[in-house]
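Chain naming follows the written order as A, B and C, and within any one chain the residues start at number 1.
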């Protein structure tokens, strides 16, 4: 994945401290992880032409954003990042799938277009759920939740170390790129492969040096092979269990029943 | 080369997650058997390094495009296959969570596509075979290019298989392959050159680094047999899950494949949820739609033409469904807004 | 409790390629003493400090930490008694949050949960960083990092503190806080620094290192009144004493 360092640094900074507040933040991370997974599985399990039946799922990100005070604009901005690639692949659908599927008055929608819209809907939903997870749960808390859910310790430790040092390295990379920019011509000077190799090589050498120093610091404080942490997690059946049940139940209902049809019928009434 | 949640079915996603989880657990076990205290900080900072390095774009001469470093090969050379796999996986997890790169369901696919082939296939079977842990420049160059190209080819092909098996994208297998493979061949070759460059750079400045890495990267247990076993397991698992789902819901998979090829005949509705809903939708669909027709004079003709344009009333979205969907969406938004206001008021 | 002394006798260290970094260093620090270690870059300050903590093993001579002589076997024990504050706090703060980092040492010492928590809050209080407990380590300012790094070491209740360039990268306010903190510590302190004015404020005694050897060892203001010595060792008179 590539992208401008600036953008990524600010993206990271934005979510790093879980700006969401209140009751959502205090939920056990395991509950939030499981609900997010259930959500994603439910959303992606629909047939390729489903569009309207995906809509009720929007309640989850909307409610979570509302309850935690995260601005929908921010969530939207994030979901749009991956959009170009998905749009690209999705646009092939109308090309290859031309069987007409739905008629609204004079407008005929082919299967291709229906599935295209379905792809867009899925993308927004699935990504927004992941984005909200990150906005409402700080990464280290998330990792510990993952560990209690069965993730191997060495992988969890790796995630924590990675998170700790990512910003530092990105800033270092940014400095190098800036230094290069300052010594080059043009508005957005391109980095040649040769320069890239020496930049990356230098970064790598510094990385190896830092690894040695960090290891020394760890040994100086008694490290003997095992990372010990004091981070109790408490799962409250009333709060977290309820959260799981309510949303899990809702997703199940939305998956099994065509809510939009019912809603419309109820509204259109007699 | 990232899979996205939007294009994946839970069957494929779940199967790949199972495989990835297995690989992670296995790698963790292997690392436990080979304790190396200094590895923990090394993996951590190397992960951060790869993450940052991936963000630096370089321009590929003669073309207008830009490239970036995947890093799998460098990690494998410095850490060995197991630690490199876990490091790459951790980077992908962070990317999926923080940068909405693909999605959570697709994460299992992504870790497999980008991690498995570079760390467990290309590195031990190609890179080590050609370059070993030595310092021969030409060997390192050849090894890097070949292993990067191979890893990306296999990874890209995996993406194609996973996408097509999911059935959400209508892109036919042939077209997709024709699009993915050549592009990734080019990317792989470029990445191979750049990887070789970085390795040689480090070698020149700090030759002892690769020697130390050599100790660390003794390939224990990663033989051809192991790799084939891993691939076989992945194939069996994926195939098994897919076929199980296909038999339970014959509509789902075959139907979407039929749709892709343009046939208008619906396979007979199978048992299970879909047929119940099919009946339900049929009953509810007919009445409300009359209200939507602009000129309601030609009810009969309109109905007939609607039938012709609507071979599959049990699949997809009806007009009333769309209207209902819009209402649902609005409702969801309102609820969210209301919650936000009340949360704000409570502060 | 007069056993928090540090005695170094003819300490030697050579790099793998043979270059001698330390060529026979000897000195003794008494319980509670605050001593500065000054010298040009490359004089051997950092190497010496690493050798004192057993993070690198000397090639000759002896290091006696309050009765425990440093060897491969006793290295762990020595590290329990010496709190080493690294020059780059980013190396020293490697856990996700400040709490995790400060708790790292005590947890490795095998303390119980309530004891660990007590150590953490006390250490953070001592450096005035109690409010930073839940903060992710990468989101600290330079001064906050330094304070947190010192806390990670204090939490192990060391007898002796060794600090490598503690003032580097700090703004004037941060530096002032640091000076205040260092003056109030009761530990035996060895502080390597280029900040000669800090030396004047904190350390009554100074050891001057030059090319791997002790060039001078005595009361701080006496040493700084010897311009020829300072010149030879590529040092300067502290700003405060100039003119």
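Assume a residue touches a chain if its C-beta (ideal position, glycine included) is under 8 Å from a C-beta of that chain, and two chains touch if they have at least 3 such contacts.
Predicted model, so just to flag it, every value in this text is computed and none were measured.
**Q** Connecting every touching chain pair, does the picture come out as line, ring, star, complete or other?
**A** Its topology is that of a line.
**Q** What chain sits nearest the middle when you go by CA atom centres?
**A** Of the chains present, the most centrally placed is A.
**Q** Which chain pair racks up the highest number of C-beta contacts?
**A** Highest contact count among chain pairs: A-B.
**Q** How many angstrom lie between the centres of chain B and chain C, each centre taken as the mean Cα position?
**A** The computed centroid separation for chain B versus chain C comes out at 49 Å.
**Q** CA centre of chain A versus CA centre of chain C: separation in Å?
**A** The mean C-alpha positions of chain A and chain C differ by 43 Å.
**Q** Using mean CA coordinates as chain centres, what's the chain A-chain B distance in Å?
**A** 14
**Q** Which residues of chain A are in contact with two or more other chains?
**A** Those would be 139, 160-161, 163-166, 168, 210, 214, 218-219, 223-224.
**Q** Mark out which residues of chain C touch at least two other chains, giving numbers and ranges.
**A** Residues 94 of chain C touch two or more partner chains.
**Q** Can you list the residues of chain B that touch 2 or more other chains?
**A** Answer for chain B, listing residues that touch two or more other chains: 41, 44.
**Q** Quick one: which bits of chain C touch chain A in the complex? Just the residue numbers, please.
**A** Residue list for chain C touching chain A: 50, 53, 55, 76, 79-80, 84, 86, 88, 90-97, 99-100, 103-105, 107-109, 113, 116-117, 136-139, 152-153, 156.
**Q** Once bound in the complex, which stretches of chain A touch chain C?
**A** 16-17, 138-140, 143, 160-161, 163-168, 210, 213-214, 216-224, 228-231
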